[in-house]
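The following blocks contain the structures, represented as structure tokens.
Look for subunit A in each of the two complexes below; its partner is subunit B in the first and subunit C in the second.
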Partner chain A sequence: MNSIFLLLNLLPILFLYQFGGALHVSLPLTSEFTLSLIQTPLGTFFAYLSLISFLLVTIAQKSKKLACNYYVLQFLLSMAMLAIVLAGDFITFFIGWEIMTWSSYFLISKSNSIDIKSLQKYILFSLASAFSLIAGIVIAYSFAHSFDFSVISNSFKDMPFNIKVALIVLFSLSFFTKAGVIGLHYWVVDTYSKAPNLFSSILSAVMSKMGIYGLFLVYGNIVGYQELKMMFGTILNGTDFGYVLAWIGVATSIIATFKAITQDEVKRLLAYSSIAQLGYIIAVIGFGTTYGVAGAMYHTLIHTIIKLLLFINVAAIVAQTGKNRFSQLGGLIYRTPVSFVMLLIGIIGLAGMPPLGGFASKFMMYNAAIDTKFALILIGMLFSGAASFLYCYKLVYGIYLGHPTSKNLETTKEVPISYLIPQIILALLLVLAGTFPGAFIKIINPILVEFSLSTIPYSGLGVMNSAVGSFNGFFIMSAFVVFFVLILLLITRIKSKAKNNLNRFDISYCGEVPTQDTSLHFGFGFGTDLYRIKFVNAILKRSSSSFYESLATQTKKTSELFSRMYYGNIHNTMIIILLFFSTLFFIGVN
Partner chain B sequence: MSLGYYFLLPVLFSFLTPYFKKLGSFTLRGSSILLSLVLFLQTVAYVGVKLPQISQFSIKPPLGIAFILDGYSLLFLLIFTFSALVVSFYMYWFFEENSGRDEARFYVFFNMLIAGSIGMILSCDIFNLYIFFEITGICSYTLSAFNKDKLGLESGIKYLIIGSIASIFIVFAIMLIYLQIGTVNLGLIAQRFHLIDPKISVLIVLMLFIGFGAKAELFPMNFWAPDIYQGSISSVNGLFSSVVAKAYLFVFFHLFYLFNLGSKYMLFVMVIGAITFLVSEFTALNQTNVKRLFAYSTLGQLGILFMALSTNSSQTVSGALFHLTSHSISKLLIFLALGILIHKFKSAKIDILGNFKSGFLTIVLAIGFLSILGIPPFSGFVGKILILKGFALSQNYTAIAFILLVSIVEAIYFFRLTAMMLDKKRAKVTVKVGSVNYIILTLLAVLIILFGVYPSLLTHYTDLATNALLHPTNYLNYALGVGL
Partner chain C sequence: MIFQIILLIMLAYVVGFIYFGLYRNITARIQGRYGPTVYQSFYDSIKLFSKNNTVSYGWMFYLGPVIMATGAVLTLVLVPVFSDSDFLRSVTSQGNLFVLLYLMVLGPLGNALAVGTGGNPFGVMGVVRGLTRLIGLELPFYIAVVGLIIAANSSDIVHIIDVQKTAGLNIINHPLLFIGAMISMVGFFGASPFDIPGAPQEVYSGPRTEFSGKFLALLMSQGSLFAFAKLVLIVDLFLGGADSLVMLVLKTFTIFVAIIFIGIVYGRYKVEQAVDFLMKLPTLIAVLGLARIVWFG
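Up next, the complex of A and B:
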């Protein structure tokens, strides 16, 4: 089963490669609707991103016994995403969007840990997102008289100002919900943490990127960055609109970063981290400058790679140990060394440290902020970037370092090879993205042309150019590798002399000797100290859940109020009908 | 074949039912299926024929009685005869499982119900229309009381009372029309309606509105409807939802556009439809009985249809008719599938029904739910997007926002049911689906998908129907007997 769907997942990639940018299909649905698929540089980028992710996740699913309908739904999901990114008109886009919604809903429902409340949260937010999207689509239609992207884009300039704003707000709300901007992220954490473990990687790495694709599509293609600049004016070197969006993004990333640090469940931490990373992308996506778009695009790529890597890694560990909390894990470095190295590479990328791809993307985004002179935004991004080190550290410490928290962790074996293959591929991609950042300039330049922005000069595979400065990834990587090998040699020489015959209970503090059930694992309480910082405490205590729960209560109350009318007394019904008639008659005659 | 057979054949069958019963229950059920099949095939044969078609009895209209089939009634005729066919097959299974129930009584009233509904949409004078209205009504009362328990009898008696009130209003309206214009022929009334004194015409319109509105389950007059659905067996619920309510809706808008009331009463009907939609969807959230829940869902969808059909714009009306067809199919699917579950669990409580385990039923129910919610690639999506598109073209953004916002409320209960079906923690009871039900449910689900991915199959007929509804010149000529 797995091999069949592996091949099936390979097919669209080959198909897309075969067409090489010239795909243009249109299919009349009725006399009024035509479905069309057009391959643009932007769409192609996202298409490869999602298809390759699906392929890698399918490889990882080899070791799980999954039913046929699981694979069918997953394939449907990948096709829906392909329809979204290749759509040439809004109807195709919307059909893809909705098929994505329900097929992912049924996939999430296959998890063992899912409950009705989380499912409801997921589907209602997704549908709210979809309905906001369709509202925008039909409003655009009422002016353009077409669903075609190019026609709507052309007639956008002639629409009244309030309609333009309404369209931008509706589309943004829809895509923000999918990407999980703070305030609209209520569904994200529960869904990512309770979905089937391997499917979480798709949710975080690919599905949230559909929101980013939508934002690019609307800001870059439909509205156009030039038009955004003309509509809202400029501030410093960027647009007003981009400045507001940047604050939304930075707030998202700071809040989510602190929330991530205090989580005890591994997948919840990753979910918050995913929200935080998408916050960066949203922060720079509206700048309307070359480096803003390039930074957002590069970070999209890097975040997809990292989140796939991390979620597959965690899924493997959970499958192997049956534990999904930091307080239940620890000390796996000797049992699962390969997984440890993979996770290490992942978090180095996530933290944005050189020499991996994460650095290159952060470099681009910081440069974009410097370029537009948004100093406060830059500070916010640096702050949340620095804070993200903490959760990266928690991730590696909580799972792999320290003491194992239970006996059976000491006998855990290395995870199956099918989990490791995609991780190794992704880690290599991450290394390559850091070593040859110049290759990305070649990918991004056609997209920049599509958005009618100036292109980035290309000077060699290893060099990443930007407005402020440039760096040579190849050089950094070479230097790093040399130092790394030297240090590794040094450590192994010291290590070989030390004796490793200590038991983890051979310690005592204040005269107390720990017993078997004393938790010696640091990962347990990590991050709780943050509550003592007033500013962070204020962030951590607040939550959007109270708002949404009161909304749910209000809906329920309204429902009870209305259902009181239907208590089934036929006399009252008759009286109401007669009263209704006489009132209407009175109004009508006079 | 004359259009009169649409009425005569079922009536003949009803009178012959006692003899069929003597020949055995297989003959009874089989012959009912055969009858439905004949009616359905006859309707299919009308597809592609030049419309309108007229069948006159003895005297030429406007003096005599006639049946007229135009594009608008053809669409409804297709829905009705198809629903009747599906329900006859389903009842074959039902009586197989519940032997000892009064089969003959069911078939008499079932076929009369179909005859009455079809008569309502075909007849071209308002007095005959009233007679068919009464026939449909009486059959519905008896059918809703088919379960001779407390709930069933309650629903029967409530339906009887409400039906009588509605009839009084309609009879009064017809009387007033006859007093003012001196005719009951729809063509002549349409021609002379503007001559009536405005105050009297308001009274007539209001009485017709109350009469047909109460039967078509519009808001302040629909407090009885959920009780009826709760007391009836689920196949009858399917009929109420996809045939009977739709027949009243047909007449409502037929008269609405024939008498050219669009300009004056459009906003009024739209607001009433919107309130119906809002109240029903919110009320549905609070239900624990699955039949009541889908009763409210039906009311809500009728609300959307009233909103969209009253707009007088061909785009929206065409979308609404598409939505109506898709809703009929989906509700039939849902009610029949629920019937299987209710038969198994002997209860209609949602909590108990959620315990079933059957991949097939889960899939078909999910398809039905998604279709009613208007999610692609199912047929409800096409209907909903066409309605929204129509509203967008007339720049009625309030209606768009309203429909979308209330649809989220609708999604809450539909997905709560779906989540319940998918919940692995429940104690599951395997439900087996018989081969007959397997076939009809698959057929309905396939139709939903087919109309969703290839809507041109249906849009052709909805466009014809829209044209006939909004521009009834041809219909009027035939009703007046011009050129016969």
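Up next, the complex of A and C:
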């Protein structure tokens, strides 16, 4: 079953490759509506991103005995995403969006740990996103008389100002919900953490990126960055609009980072980290400059790679040990060494340290902020980056380092090879992205032309150019490897008679000897300091759930009020119905 | 180039260890002790390289200090040492200030991995405190660096040095940024009041508890290289770099003594106190300096 769907997932990639950017299909339904697929550079980028992610996740699913309908739904989901990114009009886009919503809903519901409340949260927020989207589409249609992206884009300039703003807000809200901007992220954490373990990687790495694609589509193609600048005016060297958006992104990033550090469940940490990383993308997406777009695009790519890697890694560990909390894991490094190295590469990328790919994308975004002189935005991003080291370390320590917290962790075996293959591919990609960051300039330049922005100069595979400085990824990587090998040789030449410590309790412990019952794993101790820092405590003790719960209570009370009107007394109901229709009648007559 | 790199590493090793010796000596004198000789750290390092280490905890424990040392050496070669000569210029031009900011944390990551592998909860406690402290500690430094980058409109350190030749030193042009960066530097050097991660006499020696023999020697050596790199970076950014060896030693030593003198008179902050403090006054000072550059520069 797995191999059939593996081949099936390979087909669209070959298909897309075969067309080479020239795909243009249109299917006229009536004289007014035409469904069309057009391959733009932007769409192609996202199409490859999602298709390859699905392929890798399908490889990892080989070791799980999944039912046929699971694969069918997953394939449907990947095709829906393909429809979204290749759509040439809003009808196709919306059809893809809706299929994506319900097919992912059924996939999430297949998890063992899912509860009805999380599912309701997911579907409600997805519906809200879809309603906001369709409201925008209808308004756009009423002015442009077409669903076609290019027609709407051409007539956008002639729309009244408040309609323009309404359109931008409606579309943004819809895509923000998908990407999980803070405030609208209420569904994200529960869904990511309770979905089937391997499917969480799709949710975080690919489906959230559909929100990012939507934002690019609206800001870059339909509205156009030049138009955004003209509509809202400029501040410093960027647009007012970009500045507001950047604050939303930075706030998302900072809040989610601190929330991530204090989580005990591994997948909840990854979910919050995903929100935080998308916050970076949203922070730079509205700048409307070459480097803003390039930074957002590069981070989209890198975040997809990293989150796939980390979620597959965690899924493998959970499948192997049956534990999903930091306080229940630990000490797996010498039991599952390959997994450990993969996770290590993932977190180095996530923390954005050179010489891996994570640095190149962060560098691009930071330069975008300097280019527009948005200094406080940049400080916010750097601050959130510094805080993210803590959850990166928690991830690697809580699972692999320290002491095992239970007996069966001491006999765990390395995870199955099918989990490792996609991880190794992704880790290699991450290393390559860090070594040859210049290769990305070749991918991004056609997209920049599509947005009518100036392109980035290309000077070799290893060199990443930007507005205020460049660096040579190839040089840094090779210098790192050379120094590492030299120091390693030097230190191994020095003879010493140290024996490997066979007994894990043989540590310096204030003169005492720890026993089996001594709690030696520090996994649960992470983040407790944070509660005592006033600023961070103010963030941690607030939660969006209270807002949404009170909203739910209010809605319930209001609907109770209405239901009392209907079911209390038949005479009252009749009078209300009569009044309603007579009001309608009078409005109609006048 | 290779010869120059070796020369630089040797220079940093010697200068770093002498500064560390001076640090121990000066601290002792201020506290009314006689203190060790200036060369004591050298002797310690050489002695430790030839000693057996008591235990090892597997390959990650072995590689952690190596990663840390690699991070320190890489940082060192990417910082321009002399302002006017071509010394290692072909190497430093491959990186920039952002690369350095992030390379600086690569070393601590190696340390954290090794400490985690060692399995000593006190060590990990120190690492976590260090990372928590970093949330506040990086803030004024980042603001200062961002301010300088925007002022020079380049993240290239050589360019920032060159700008200071015509426009005057950054310490005079942007004093608020300098104050912010110096407060962060006190923490980066592990001096009081921000010395909670190591916290001698408190968490049983902190992150280095399990290291012995050649690992401890490697950690000490990379520490001195790294300290030198950080001092040179501050000199480059705020004091216009150094055009000769004498000026380099003079300028780095001035900064170093300033850090010691700030550190020695304070007690130790708890980690939350440190972050709280750093997020208030030093951040405010640095933000004011930054606002001056962005809005009135």
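FYI, the second predicted complex is superposed on the first by the 533 of 590 C-alpha atoms of A that agree within 3 Å, B and C clash if a C-alpha of one lies under 4 Å from a C-alpha of the other, contacts with A are read in each partner's own complex, and residues count from 1 in each chain.
Everything below uses one rule, namely that a residue touches a chain if its C-beta (ideal position, glycine included) is under 8 Å from a C-beta of that chain, and two chains touch if they have at least 3 such contacts.
All values reported here derive from a predicted model rather than from experimental measurement.
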item: Which of subunit B and subunit C A:Pro354 touches, first, second, both or neither; value: second
item: Which of subunit B and subunit C A:Thr515 touches, first, second, both or neither; value: neither
item: First, second, both or neither for A:Thr411, with subunit B first and subunit C second; value: neither
item: Partner chain in contact with A:Ala387 - subunit B first, subunit C second, else both or neither; value: second
item: Dominant contact partner of subunit A by residue count, subunit C or subunit B; value: C
item: Touched partner set for A:Gly469, first subunit B, second subunit C, both or neither; value: second
item: Subunit B versus subunit C as contact partner of A:Ser546, first or second or both or neither; value: neither
item: First, second, both or neither for A:Gln18, with subunit B first and subunit C second; value: neither
item: Contacts of A:Asn162 with subunit B and subunit C, given as first, second, both or neither; value: neither
item: In the complex with subunit C, residue positions of subunit A that touch it; value: 236, 331, 333-334, 340, 344, 348, 351-354, 359, 362-363, 366-367, 370, 373, 375-376, 378-379, 382-383, 386-387, 389-390, 393, 396-397, 400-403, 468-472, 475-476, 479-480, 483-484, 487-488, 491, 494, 496-501, 504, 506-510, 520-522, 525-526, 529-530, 532-536
item: Of subunit C, residues touching subunit A in the complex; value: 49-58, 60, 62-63, 65-67, 69-70, 73-74, 77, 91, 94-99, 101-103, 105-106, 109, 112-113, 116-122, 124-125, 127-129, 131-132, 134-136, 138-139, 142-143, 146-147, 149-150, 153-156, 204, 209-210, 213-214, 218, 270-272, 275-276, 279, 287, 290, 293-294
item: Subunit B contact footprint on subunit A (complex, rising order); value: 28-33, 91, 94-95, 98-99, 101-102, 105-106, 109-110, 112, 116, 119-120, 123-124, 127-128, 131-132, 134-135, 138-139, 141-142, 145, 555-556, 558-560, 562-563, 565-566, 568-570, 572-574, 576-577, 580-581, 584-585, 588-589
item: Residues of subunit B touching subunit A in the complex; value: 158, 161-162, 165, 169, 199, 202-203, 205-207, 209-210, 214, 220-221, 223-224, 226-227, 279, 282-287, 366, 370, 373, 375-377, 381-382, 385-386, 388-389, 391-393, 395, 397, 400-401, 404-405, 407-409, 411-412, 415-416, 419-420, 422-424, 454-456, 459
